[in-house]
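Below you'll find the structures, each written out as structure tokens.
Here chain A shows up in two complexes: once beside chain B, once beside chain C.
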Partner chain A sequence: MTSSETRQPTSGTTPSPESTWPPKLDGWLDAVARRATAEGILSSILVPVVSALAALLVGGVLIAIDGVNPLSVYHAILQGVFTKSRGFSYTATVATPLVLIGVGYALAYRARVFTIGGEGQYLVGAVAGTAVVTAGGIGDLPRVVLIVIGLGAAIVAGALWGGLAGVLANRFGASIVISTLMLSFIGDSLLQWAVRDGIRDPESYNANSRPITAAALPSFFGQKTHLGFLFALVLVPIAWWLIRRHRWGFRIDALGHNPGTLDANEFSSARVTLSVLVVAGGLAGLAGMVETTGVNIRLGQEASVGYGWDAIIVALIGRLHPVGVLIAGLGMAGLTIGFESAQRQFELPSSLVSLITAFVIIFVVWGDAIAARWKETR
Partner chain B sequence: MDTLFSIATVEAGIRLGLPVALAALGAIINERSGVLNLGLEGMMLSGALGGYIVNDATGSPWIGLLAGLLVGALTGGVFAGLVVTFRTSQVVTGIAFTIVAIAATTYLFQLRWDIGELPPRVERLGMWPLVALTLVCVAGVWFLFRRTTLGLTISAVGESPESADALGYNVVLIRWMATIAGGALAGLGGAVLVNGPLGLFIEEVTAGRGWVALALVVFAGWRPVPAVAGAFLFGLCDAAQLRLQGTATEVPYEVFLALPYVVTLIALVVRARRSHTPAALGDPYVRGAA
Partner chain C sequence: MRSVSRRFGETVALDGVDFEARPGEIHALLGANGAGKTTLMRILAGLDRPDTGTVEVFGQRIENFEPGPIRALGVALVQQHFTLVPTLTASENLVLARPEGALLPPGRTAGVRVQKLVEQFGLEVRDGVPASQLSVGERQRLEILRALDADAKILLLDEPTAVLTDVEAERLLGVARALADQGRALVVITHRLAEVEACDRVTVLREGIEAISDGAVDGYTRADLASAMIGTDTSGTITARTSRRTQAAPVCLRVRDVSLGRVSSLSLDVGEGEIVGIAGVDGNGQSELEAALSGRSAAESGEVSISGEPIAPGDPRSRRGQGLAYIPSDRYSWGLIGPMDLADNLELGRVLPIRPNRPARHKAARPSLDHWDVRTAGPHARTSSLSGGNAQKLVLARELDEHPSAVLACYPTRGLDPEAADTVATRLVAAAEAGCAVLWIGAELDELLAVSDRIEVLYDGTLFGPYLPPFDRAAIGLAMAGDAADRARSATGGEAGPP
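Let's look at the complex of A and B:
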């Protein structure tokens, strides 16, 4: 066994402590090289691309069954994204929360920590951030300060909501899938209460918060894309660096591939579990506040639009890779935006776009299994 | 507060607990065989839509229930094909399955009834026939695991598929059957929800009840009778929340909205350590790999 092999968490062996942390550069180059093999390309690029095409094909069949020519629908979708002036801007806006939450999921899933709690963390973040920036006496602060403390409060709230699931898992062995899900439902109840009573605008007839215009994010590229998209763009290389170059990213991958390795090296796998849940929760909380202050004027009952659920698909289609998540997030956002105009034009059911994206994920899962079998039998 | 503790609330609690109880029974069969079915919510939802459409078409809630059972079995078969035969990740496939089911049922529903058009209320079943049906299912699942060889075989496959295989049992076939049975009961649960207490299908009508059922199975230690007791506890919370929504109380009604999920979370924490998890739960079985 060579020393470079022992540094691979993927090799399934237990590396000795002194050779593993900090991981030396040659081990990483080795890992990067191994990923660039034929199977790596097959499973990381071919499967999602073919899955997306197959899902569009299924979508086309469904559109045809509905009595509409699928080609003209897809043409209208492309037109909606690429030729209309606002298409790009709207796509970037919708992609922002998907990428922010999706990168968090990607980090967690790399560690095989299956959180599905992004929606709740997003809502809790939006509520906490809005509560802080609309609190009495704080509105006179400069806009920059308001934005920073609003986003900070949202990150902390989301991180706590995610971290709670981590504590329950580590201390009591509660299933993370189910606890994060329950916390999402509880987070939605919290939002309903907050906008109806807790942080409600007393002068408003509808159940929503006071306007958050004092903390509104600056926008660019036309009127819709806001600063949050820049956050998403900056997050991608940071996450990539964490995964590839930082020991935290290495521990995440170690936990994902062989949790015993961590504990055998006297590094608590529970701490890694907690940390990915805190980070993923913080990112989802950030997404909630970014959406509230970048797109909306108030926080209302309708804040739960499902970005936290859709980002699960984005993370999986993006192959748990930050760049992949960005591409998948933009793709899903483009499909959603393009479909919005096509749907009105051709009178299609509004749920068709979620059905198509749902098919992508089923095909990706299936395609992975086929690719794994193909590798086995070869 | 006296309206909260009335017979009507208890009755509503029972009615709302029945679908969850059936789905939890399905999950028990499923998980005892070693297959973690996170697609349960989706299967419940598919059964609910199937049961609703057939009831609407035939006017018979009983045929609607049968349809829910069959649709659930079909979705169980698709899930088994993916996780048992193709050995895809049970966690990821389950989550993806539920996402697909939510999108697909919403799509089919929107295709059939335009937005704004009021979907018809269907013929509803009374509480007692459904209680009887659920009790028969509980007794059946209890009997299966306590008194039959088949039940023991399913448990053996979930505990140690290698040993079961070595004894000549067909692990893949048994997991297929258990997953189909689990899907069928989940689908029946969804159909009971729509053809029983509601008489109506709306988008995402199950509203997370399938996930609650999965949590209850852990809480109940994979045993049918405690799972059903937990389901009625959930039903009571749900009924209390619905009852208090309209009335002005000291406590915000959102507390009761969150209560079932908080109780489930607490139950998950209290029971997680003591539970008897099937040893091979979540592991795909590859012959000769271990």
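Let's look at the complex of A and C:
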């Protein structure tokens, strides 16, 4: 027995000297995720709410520096979201991909599987779905069938893209952070090739696909909100139920807390890792196709608007909980939509939204750290 | 070192130990696991401090237990776990340990420094490749070179031969002799009797007390050393069984030619209702044996089967279904999930596809927690809030509740207070008496003597035995220290068997 064992007779968690090398890239993400799921009102509600308010406060200072009264700007934002007829409809539309991808991230991060590949999976899903519904000879099928086939193809493509990172991790020990990041760039390149060459509309001057109007999602809630928002709304309770009541959700949490025990007693942690990447990828792929067929008429080279990246923030602010993700997604979407009109009205720089979002995440991470320390000293 | 004592919480690691190392001599420090060898050396190297007692180096009393000043006096410790920077080459590691000025020396200068040391001491190390690519033996030689580079007068080697092949180990002892002849004082920590014979003096520690203090090696036989190491008193903390099984029972757990890492081609049968104890010093293949038998790792070759059915690696639910329960050596790494509640931990390995709601799960867990006497706030408590004894009882509750046909118990009493250890042992004995085949891998011989129907000694990945009751402590102790292996090797060149 070494002396470190003697010192802590009941502790078997003393890391061996080998395990500290090489340093883990996702170590800090692990700390962020662990704190984001800490129990108690402080971490689950107070930190994200106070962080959002603090970020708006900082945003207000920046607006004031620009020579505009922040209060009237925020008033206009609230008006833009809640009182204008289209405000909430637009908000729900923007929130849809954020929530779909964000719930996938939340599941993965609960398992401490740090994928950041939502953007690539989103694009690959959009490309695959568009390719299927715009393929020759298929356009005569009924709209419902086309929608189902298109969304199905998108889910499968996204799941494969996510699963690829899982295979790379399980077989070769590749870092999931790195491989999903790289696969996102490849996904974007795939989109660029597809709209320029692979599935390009030969009759169009611009680089984009044939119109996908035959598979367009039906809208409700005014003009803009489409069926995809319903998907997001339905997904939230399903994911919640999976976490609380299904074996898969149990294994996800077990993997996040102690992969060794999961492996020795319940199920292969490698397979849980793979499954969670497949599911998160499938959801991101679904989001890509939902956005394409719900909002756009064609798939174009500008399809990468960064929902896959923003959803990471949504998942973390949403405390890796499906309901939290829904609230955070709506909040972030509302901020974006509200600012769009306020921006024009007050001639504010367009980067202000991303600045405030960045401040939210900084404050959340900071707040989590303070909360963790406060709990330790108590 | 004079009457040095050190406690860690409840555990007394050292209890008034005297120790001397003299220039020109190799001093062997012998002892079983947890005897306090490493703690003693860590204190001498300034990595730890004694609670009471004094340490003098070359007549200078150490007040300030810091590694830096003590190293400056010429004391160097080569630890069991290597402390090289794996991405740096040999010369870079040496420069890092003893920089000459603020600037890095050019590669050639640093290389010359290594070359000189290698030639001077005859310790071969390749330079120019990262330390992570060196063999274990080379890494160790580099560690020693680094100590010698700092002009160590007192060299402490903590189990230097544990990771080496026989040839390498022999060479290392030769180098140690040469260094001693140059007037250095060497201390070699070991638990192998064969290596003690290459030393001049020997101190044997047992549970923090000197069993043999600074004796000349020539004055002791191997049997003397072995019995000093494992002790002769039989008053363990575990209640001894009153009756042992004598007649042969049908085989339940069968291990055939399993090889994994240090373990080579190991075979073993455990009968129904039998407790087989695996004795041995840590690091002789116990962890590999545990990993292979529990199915945590796939064996390189061989098969583990239970009632004729082979155990598939990486499929814990099937293992449980086949009736093999597993009590891991490290319950916090492989047995329990600290942040989850007790009910969740009890469900591991048999979680239903769709789980009942939380109140129902907690209600279902309660009888089991009561039956196994897990003292907590309730099934909703976090598992990390449990004391060591209660955590182990929770593992037992999960593993033994379904009446398995075999139990793999790895260090089941490790880190427990005497009362909890006795409870755990009693429960395992009860399971065996109900017909369960128990394979008990243990470090404390007393404990194994108290409970086993048969003892096998694991040394260097090979089993020696069987030893049957009434147990011959001395014979088992000798086998644990490698005597049986040495004899088997010298007799036939490979045929391993009981002495």
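As a convention for this text, the second predicted complex is superposed on the first by the 338 of 378 C-alpha atoms of A that agree within 3 Å, B and C clash if a C-alpha of one lies under 4 Å from a C-alpha of the other, contacts with A are read in each partner's own complex, and residues count from 1 in each chain.
Definition applied: a contact is a pair of C-beta atoms (placed from the backbone, for glycine too) under 8 Å apart; a residue touches a chain by one contact, two chains touch by 3 or more.
As the structure is a computational prediction, the values presented were derived from the model and not from experiment.
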{"item": "Chain B versus chain C as contact partner of A:R196, first or second or both or neither", "value": "first"}
{"item": "Touched partner set for A:L181, first chain B, second chain C, both or neither", "value": "first"}
{"item": "Which superposed partner A:D253 touches (first chain B, second chain C, both, neither)", "value": "second"}
{"item": "Touch count on chain A, higher of chain B and chain C", "value": "B"}
{"item": "Chain B versus chain C as contact partner of A:N265, first or second or both or neither", "value": "second"}
{"item": "Which superposed partner A:I116 touches (first chain B, second chain C, both, neither)", "value": "first"}
{"item": "For the chain B and chain A complex, residues of the former touching the latter", "value": "38, 82, 86-89, 91-93, 95-97, 99-100, 102-104, 106-107, 110-111, 115, 203, 208, 211, 214-215, 218, 252, 254-255, 257-258, 261-262, 264-265, 268-270, 272-273"}
{"item": "In the complex, chain C residues that touch chain A", "value": "8-11, 13, 33-34, 36, 38-39, 42, 48, 80-83, 86, 282, 294, 296, 314-317, 320, 326, 328-340, 344, 347-349, 351-355, 357-358, 387-388, 391, 414-416, 443"}
{"item": "Parts of chain A lying in touch with chain C, wherever the complex brings them together", "value": "1-3, 5-13, 16-18, 21, 244-247, 250-251, 253-254, 257-258, 260-268"}
{"item": "Chain B-touching residues of chain A, taken from the complex the two chains share", "value": "62, 66, 114, 116, 168, 172-175, 177-179, 181-183, 185-186, 189-190, 192-193, 196-197, 309, 312-313, 316, 349-352, 354-355, 357-359, 361-362, 365-366, 368-370, 372-373"}
